[in-house]
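Please read the structure below before turning to the comments.
Chains here go by letter, A, B, C and D, matching the order in which they are written, and residues are numbered from 1 within each.
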Amino acid sequence: MSTQYPALVVVVPLLSAFLISAAGWANKRLCFPIAVVALAISTYSCFGLLVRVLNEGVVVYRWAGWDPPWGIAYYVDHLNALVLTVVAVVSLINLVATKKSIDEEFPDKLGPFYSLYVLMVTGCLGIVATGDAFNLYVLLEISALTGYGLLAMGSKGRAPLSTLNYLYMGTIGACFYLLGIGYLYIVTGSLNMVDIAGILPSLYQSKAVMAAFIICMVGVWLKMALFPLHAWLPNAYTYAPSAASSLIAPLATKVMIYVMIRLILTVFTPEFAFTTLSVSNAVVWLAVIAIVVGAVLALQERSLKKMLTYVIVAEVGYMVGGAWLGNSAGMTGAILHIVNDALMTLCVFLAVGNIVYKAKGHCFEDLQGLFRKMPFTMGGFVIGALSIIGVPPTCGFFSKWYLISGAIKAGQYHFMAALLFSSLVCVVLFFRIIEIGYYEPFSEEHGHGHGHHQEPSMEEAPLSMVVPLLIVAAGLVVVGLYTGDIVEHIIRFAIPKGLA
Amino acid sequence: MKFLGLVIAFITGVFLVYAAVDFPDWADPESPASTHVSPHFIEKTMEETSVPNIVTAVLADYRTFDTMFEATVIFSAAVVCFFVLRTFLKKEEREERLYRHVLTGVTIRVKEGGRIPPSDDFERIDDSWIPHDLIIKTICRLMVPFIQIFALYVVAHGHHSPGGGFQGGVILGASVIVLAMSHDLRTTLQRMREKVVGILCAVGVLLYAGTGALCLLLGMNFLDYSALAPILGVGPVTARSHGILIVEIGVAIAVMTAMVWIYNNVSSRGNYNEGL
Amino acid sequence: MTDFAQLVVAKYNYWIYITLMMIGLYAIISKNNLVKKILGMNIFQTAIILFYVSIGAKKGATIPILEHGHGPAHGAGSHVVHAADYMNPLPHVLMLTAIVVGVATLGVALALALKVYRHYHTLEEDEILAQIRKK
Amino acid sequence: MLWQLDLAILTLVVIAAVGSLMVKDLLGAAILFGAYSFMMCLLWTIMGAVDVAFTEASVGAGVSTVFFVAAVFRTTRRTKD
């Protein structure tokens, strides 16, 4: 069975999505167990695949038995396997953690919700696993369409509107990617990533190849919300239901960054991206602006969830900048940060989900006295926040370390300055939250109407929501402690030898 | 905003024109796109899959993995439409009902939750009802079976002529939509209830993915139809041809129901009370 | 000048696709009405489909359906298929997928627009923003 | 293929696209969009992409237009641009 791991990773959640949708009409209680089992099998296959890749190197899977480039093939290497594992783990943990809030928010639409959830995960897994440029587009649209559906069910009015804006931008992004693939196809005649990479070197001077690269990049940047193209993200994530935002916030942008790195590393080799085209300085500057603007915009927000969405915008800047530094330390930092940022974002968004579940709001006023009310949730939140700031031994520190050493090696000191600046801003941001949650008195209107000042009782979120949060928080530290091993055994092989 | 749009569109346009100059000429038989991968499809399709329509063969066999996700896209769009729009009204919210006497066209309003016992003489109509139009209703009802037969032909004959699961499925869906437009949503829902639509949509795509999983269980790669040869009792090449037909049927079911599902939700704004 | 004219004639399909695409892009960015934006989005997508179909065209070739494919009566080995005689089928396959993706996106976009209308009772973006600001 | 016919259809495609975006009535825009899709379908038939044209005729000119009309009926025909 182990030869079929690449198929199982994608196919099991896909099949389960249809089963869930059909089962939802018969018995709503069947949906959740099917989804959990499917994602668990998928996660197990991801780990199996990772082990196989570590032992054997690149695993090739030919769909429908046709040889590439005629059929569609998966080439699972270290980078794929690592990101696949992260995607599967994040979605599985989030599914278990948000069951209660899903039950509360969509009591009569459980079937469609779980079906869309699993399809969204299938889309992300497929994007990460695939070795075919057009297949990537189709999966991009699956994960995007299901994402729109999940995001739109938040607050009335605002959520559909901001999701519609996301849809316009997301569609333009995906279409740009499709157009770039078309440009590549017209000059190479192939759609298979490895095949294209073999043909391209003789065409590096072609204007069409250059245009293909730039168009693909712009499309991917639109989807990952890099700075001037980020306008859709904050509102779309803020007004979404918490189960959806804690799935999509960790996955959607990170998967797109994976796509960018895959395009740079495999399809258009690093020499083309960093040497033939002289745009990497401009992109690093763009990333610097993204980091600074994201941090500054986060400062002026008075809603916890919206503040975190601007932090995501800044984090996207980290990874884009790191990838475009053009050296192996920067690329290592970017890949490591995909893993870390997915876990960090999951951690803080799960905490926000718990807060929304209990306090019914995510504005700063709702946070008062929360440390006494929900100590475990806030404990998890603090660990996530420390990781975003970059405090050792949490994992955020190590990826920032690699990014900064990459910036020094490349001589891009403004990138390093931006990283440090945003860390400082994050300190301010999160200590403000902690201050509100810890020191300010528990306000009367949130109390139970007792006249005298009473020590508020502990009102922690249900166990099924707190335990996954704490597991993720512990995971942040564990991943941080094992960073050396991850870099040594996995990421080192993902980066081509040519990269200095 | 208008100015910004113009500027962005202009810059992108100039950039694309600049890049397009390097393209091979239009319809040049020597261009890389026509010489690298595609000749294999054109020359080998017949002997490898025994399907004369190359597009069908590439769609449902060489790149069948894409097509499975294509069917999934339409499935997820239908589920999203349902998920976003559908509102389940409680019974009490509808206070009055409108009925029409079929023979005379007289309209009756029944208030305060009352209802007329079901009979052939009266039919329930929408709040924003339109006059009874015999010609449109009769013509559309006559057309529906012919549309459906044509759709089945398109699905079944996709191996030899343009067509296949998608086109056939859309036409099948259109036949139901024609019925819904000429009569009303209620008539369609009586023939094809929401639950049936929802389950069939999932079953259609499941048929596709399930075929693939069956191939996997039979020891070949996912969707490698030649694994079905022992079950179907034919050679591996013919099995590919039959496999294509099976998945096309699955696609047709899924696309038909997805179109109907989207239409039902969009045209009634999700409350299923009144259609177009 | 003749060079330029030749360039225009040899690739006119590409120029038209770029024109259509820019019309669509302009509409998505600049239009105020949500449904008009969706229209622009669809025009944008169809323009890309036109581009791909143009890639698949081949001078002196016919549609990609094999002529002698109907039944084994002709004998499988009696004729050889030449790639130059048939259009490139691959872009057609890709675009079938893209069309379906397009209609799926359209359905979702319209559903969202309906939901927006249900809450704000208008489809004009500036009026919606004014309502949001008023709150 | 006749280049005159080709050119005429290409022009009509652009006109239909611009028209559907310019007309100040959403129902009219939806119908013009149907015309645009149908012209596109003709264009693809000329280029030999029969399967794509078939799909566009049923999906683009058929069902998409119905969706648009349904959505416009459930919202409003009014538009400012």
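Convention: a contact is a pair of C-beta atoms (placed from the backbone, for glycine too) under 8 Å apart; a residue touches a chain by one contact, two chains touch by 3 or more.
Note that this is a predicted model, so its numbers are computed, not measured.
Of all the chains, the one whose CA centre sits at the greatest distance from that of chain B is A.
The interface with the greater count of contacting C-beta pairs, when B-D is set against C-D, is C-D. Note on chain placement: the centre of chain B and the centre of chain D lie 19 Å apart, centres being C-alpha means.
Averaging C-alpha coordinates per chain places the centre of chain C 11 Å away from that of chain D. Averaged C-alpha coordinates give centres for chain A and chain C that are 30 Å from one another. Centre-to-centre, using mean CA coordinates, chain A is 32 Å away from chain B. Among the residues of chain B, those in touch with two or more other chains are 16, 20-21, 23, 31, 33-35, 37-38, 41, 53, 55, 59, 63, 66, 70, 73, 76-77, 80, 84, 162, 166, 262, 266, 269. Chain D has residues 50-51, 55, 59, 63, 67, 70-71, 74 in contact with two or more other chains. Touching of two or more other chains is recorded for residues 12-13, 19, 21, 23, 25, 27-28, 32, 54-58, 61, 63-65, 90-92, 94, 96-97, 100-101, 103-105, 107-108, 110, 112-115 of chain C. Those chain pairs judged to touch are A-B, A-C, B-C, B-D, C-D. The residues of chain C lying in touch with chain D in their complex are 12-13, 16, 19-20, 23-24, 27, 31-33, 35-36, 39-40, 42-43, 46, 49-50, 53-54, 56-58, 61-65, 87, 91-92, 95-96, 99-100, 102-103, 106-107, 110, 113-114, 117, 122-124. Interface residues of chain D facing chain C in the complex, by the touch rule stated above, are 7, 10, 13-14, 17-18, 20-21, 26, 29-30, 33, 36-37, 40, 43-44, 47-52, 55-56, 59-60, 63-64, 67-68, 70-72, 74-76, 78-81. Chain B contributes residues 1-2, 4-6, 8-10, 12-13, 16-17, 20-21, 23, 25-29, 31, 33-35, 37-39, 41-43, 45-47, 51-55, 58-59, 63, 66-67, 70, 73-74, 76-78, 80-81, 84-85, 160-162, 166, 255, 262, 265-266, 269-270 to its touches with chain C in the complex. Those residues of chain C that touch chain B in the shared complex are 7, 10-15, 18-19, 21-23, 25-30, 32, 54-61, 63-66, 68-70, 76, 81-86, 88-94, 96-97, 100-101, 103-105, 107-108, 110-112, 114-115, 118.
Those residues of chain B that touch chain D in the complex are listed here as 53, 55-56, 59, 162-164, 166-167, 170-171, 173-174, 177, 181, 259, 262-263, 266-269, 276.
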